[in-house]
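Dropping the structure in here first, questions after.
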Amino acid sequence: MLKVTALGKRYGKAWAVRDARLEIAKGEAVGLLGANGAGKSTLIKCMLGLVHATTGSTELTGPYAYLPEQPQLPPSLSALALLRFKCGANHIPPDQAPASLAEVRLSAADIVRPLRQYSKGMRQRASLAFALCGDPGLMLLDEPMSGLDALGRAQMLDIFKQRKSGGAAILMSSHIVSDMVQLCDRVLVMAHGRICESVAVAEHSLAEAKALESRLADWTEQQP
Amino acid sequence: MRLAAVAGQIAVACLLLAIVAWGRSVSHFPSLVGASETLHWSPNQQLLDRAWAGAVPGIAADVAVLNIFNIYARARSQHGSNAPWRDQLYFELRSAQAMDPYFRDVYRLTEGLLAYEALRWKEAVDILASSGPWLNSADPLLAASFIAHQYMHDDVLAIRLAKQAIKKPNASQLTIGFATAMIRKRSGCEMALAFLESRLHTLPRRYRQGILFKMQQLRQSKACIEEERRKVPPLRE
Amino acid sequence: MSRTLPLVTLTFSEIASQRVYRILLGVLLLVPWLMLIPASLFMFDIGKVLIDLLFTALHASLLIFLFFMAAPLIARDIEQGSCHIFLTLPMRRGRYLSARFVGLIVALMPLFAAYALSASLTLTFAESHWAAFYVAPHSVPLFDYGAALILMPYLALTAVLFLIAAAATGLPETMVFLFSVWLLCWSLPPVLGALLQAEVAAKTPTWIGTLLQTVNQLLPDLSSSRISLYLAHGKKLGIEAVAGYCLQHLAYALLAMMLAVILFKRRDLT
């Protein structure tokens, strides 16, 4: 579904991402764990072509979806109108639009209101619905839990688990270790623009989460 | 407590409104429109006017004509020599003509106000004569020719302008008659009065004072009285 | 093409759902009738004055649309990243930019049509009620013709907006550059026209004229001044000149969009 080979991005003399390599297969969930400024968002944007990579290449097969870190949606439109647009553009059956919005727990009254009236959490849900609409085979999620309360995060995790069990590949970047451990099969620890190590998540337990946090702290404290 | 807070806010708002109203009633600054000594028409002025008018020079000409109406109304309400208004008038007419040389009202106002009221013969002839390349009408050229002949006593210029007027598609019998009379040096009081009478219809009533005054002056002039006397045959005894 | 049309439709919906759009639509229906008031102050050429006012209001409304609806849409799309949801459909950057451009033009059409209709009714009313309506007969077709011609340079200016937005960092930068371009487009052509006159040319150094001419060649020709004057006075426009006028603006718009796509493809969308 996704194969990244030696991907790098340099701004002037500084490397934001360096020699990133990863591969995600169907039905696999991979986490991208790193502190703020580690290069997670830049890596994902390089994969999608939003940012031009300096080195390396990306292979994306099949339909994919992207959830940005801070979703910016057209403020004068409603969530329903936005999703209907995606259905029209990607030849998705139109009934998937309200279905996707219902899946992220946006009410029938909310989906017809203009997006500028949404709270941060509602915008995150609407953006997620936009990403989920059409059952993409690959989902690239940049801080998907941002702006959500504990209940919202739990609901989102359930959705992601369902999609994963349905065969979707997921790449999720976050700095919340506990969320990542619950969903992902393996976690890539990122620091100073590099993917430092890949840690398998076997038990999805709190202990594993603590171990990951420790690994992250070690890598982050090291000089680039 | 809440009621008191709302009442207090209303009271403050009313006080502020009262201050605004008082300020507007006392802050009258003298109008600088009368200071026309700095209003001199020049080629650079045309550049500036063209620049700000941009893609809508027509509206710039219309605004200039509106200014002319205001200037004239103010001049009529004030008594005295009012020399500055003549400069303003010329400035606005030149500006309007530069912006929209096809605008007939500019030439009508030039004749009626700049020539016959402000008595700026040369400037009026300049503006009227420059209509040649733009308008298919003989009117402005004819008016310029008449002014050059009657008031500037420049028959060379008058004949040249009359010849241009004759060539226009709407040259009337009056145009041809007047031009012919001038060329043959046979124009006189009667011809002049007939011409001025014909110009009255080109202006609304409130702008005709200048022409009417000129007609009156002409009738009372020695030349006209003499001409009338020569026409009336002596009584036979 | 399959994703372009939905984005065109979405752009139209995005603009049309704004309250300011509906307000502007209402204002444009009303403005031609309000123009009767200043026009009635004039002497004889009332028709010419009314058409001047209508053309001026058209320029103003097109500028309002460009600066307050089109510029914020595209500049914020790029600055705040809302373009990401379109580009990751996936959609090529060139298609995205083109679809947004066409969508904006489509959104402009109802405003333009409403204004043209209201102005036509106003002119018909004025012709029938004012004896001194001294303008060439059939002023409605004249006005509609002129309005369509005045629209042409604004298509080119919208493409220039996209060119600026493709490289600008955000809305403030876009607005500053767009305003500067518009100011030059507005004032340069008539100034160059004035420089052709002997008395003006005599007082202006040659190098200034050359410099202004060079700058003018790079900008869209916003000067529809000759057109609006000619039509207001009922004069005919040469067919070749009109065809050249339309083609040059369409070609300019196309060229500006091509450059915009090149710039947009090269930039990082962080």
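To keep things simple, chains are lettered A, B and C as they appear, and every chain counts its residues starting from 1.
By our rule, contacts are C-beta pairs under 8 Å (C-beta built on N, C-alpha and C of every residue); 3 or more make two chains touch, one makes a residue touch a chain.
Note that this is a predicted model, so its numbers are computed, not measured.
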| item | value |
| --- | --- |
| Lowest number of touching-chain links that must be crossed from chain A to chain B | 2 |
| Pair of chains with maximal C-beta contact number | B-C |
| Most distant chain from chain C, judged by the mean position of its C-alpha atoms | A |
| Chain whose averaged C-alpha position falls nearest the assembly-wide average | C |
| Centre-to-centre distance between chain B and chain A (centres being mean Cα positions), rounded to whole Å | 75 |
| Separation of mean Cα positions, chain C and chain A [Å, integer] | 42 |
| Separation of chain B from chain C, taking each centre as the mean of its C-alpha atoms, in whole Å | 35 |
| Contact set on chain B toward chain C in their complex | 43-44, 46-47, 50-59, 61-62, 65-66, 69, 98, 100, 102-105, 108-109, 203-204, 207 |
| Residues on chain A engaged by chain C in the complex (per definition of touch) | 42, 45, 48-52, 64-66, 68, 70-74, 76-77, 81-82, 85-86, 88-91, 114, 127, 130 |
| Contact footprint of chain A on chain C as seen in their complex | 2-3, 6-7, 9-10, 13-15, 17-18, 76, 80-82, 84-85, 87-91, 266, 268-270 |
| Of all residues in chain C, those that touch chain B in their complex | 38, 41-45, 48-49, 51-53, 55-56, 59, 134, 150, 153, 186-187, 189-191, 193-195, 197, 199-200, 202-204, 222-225, 228-229, 232-233, 235 |
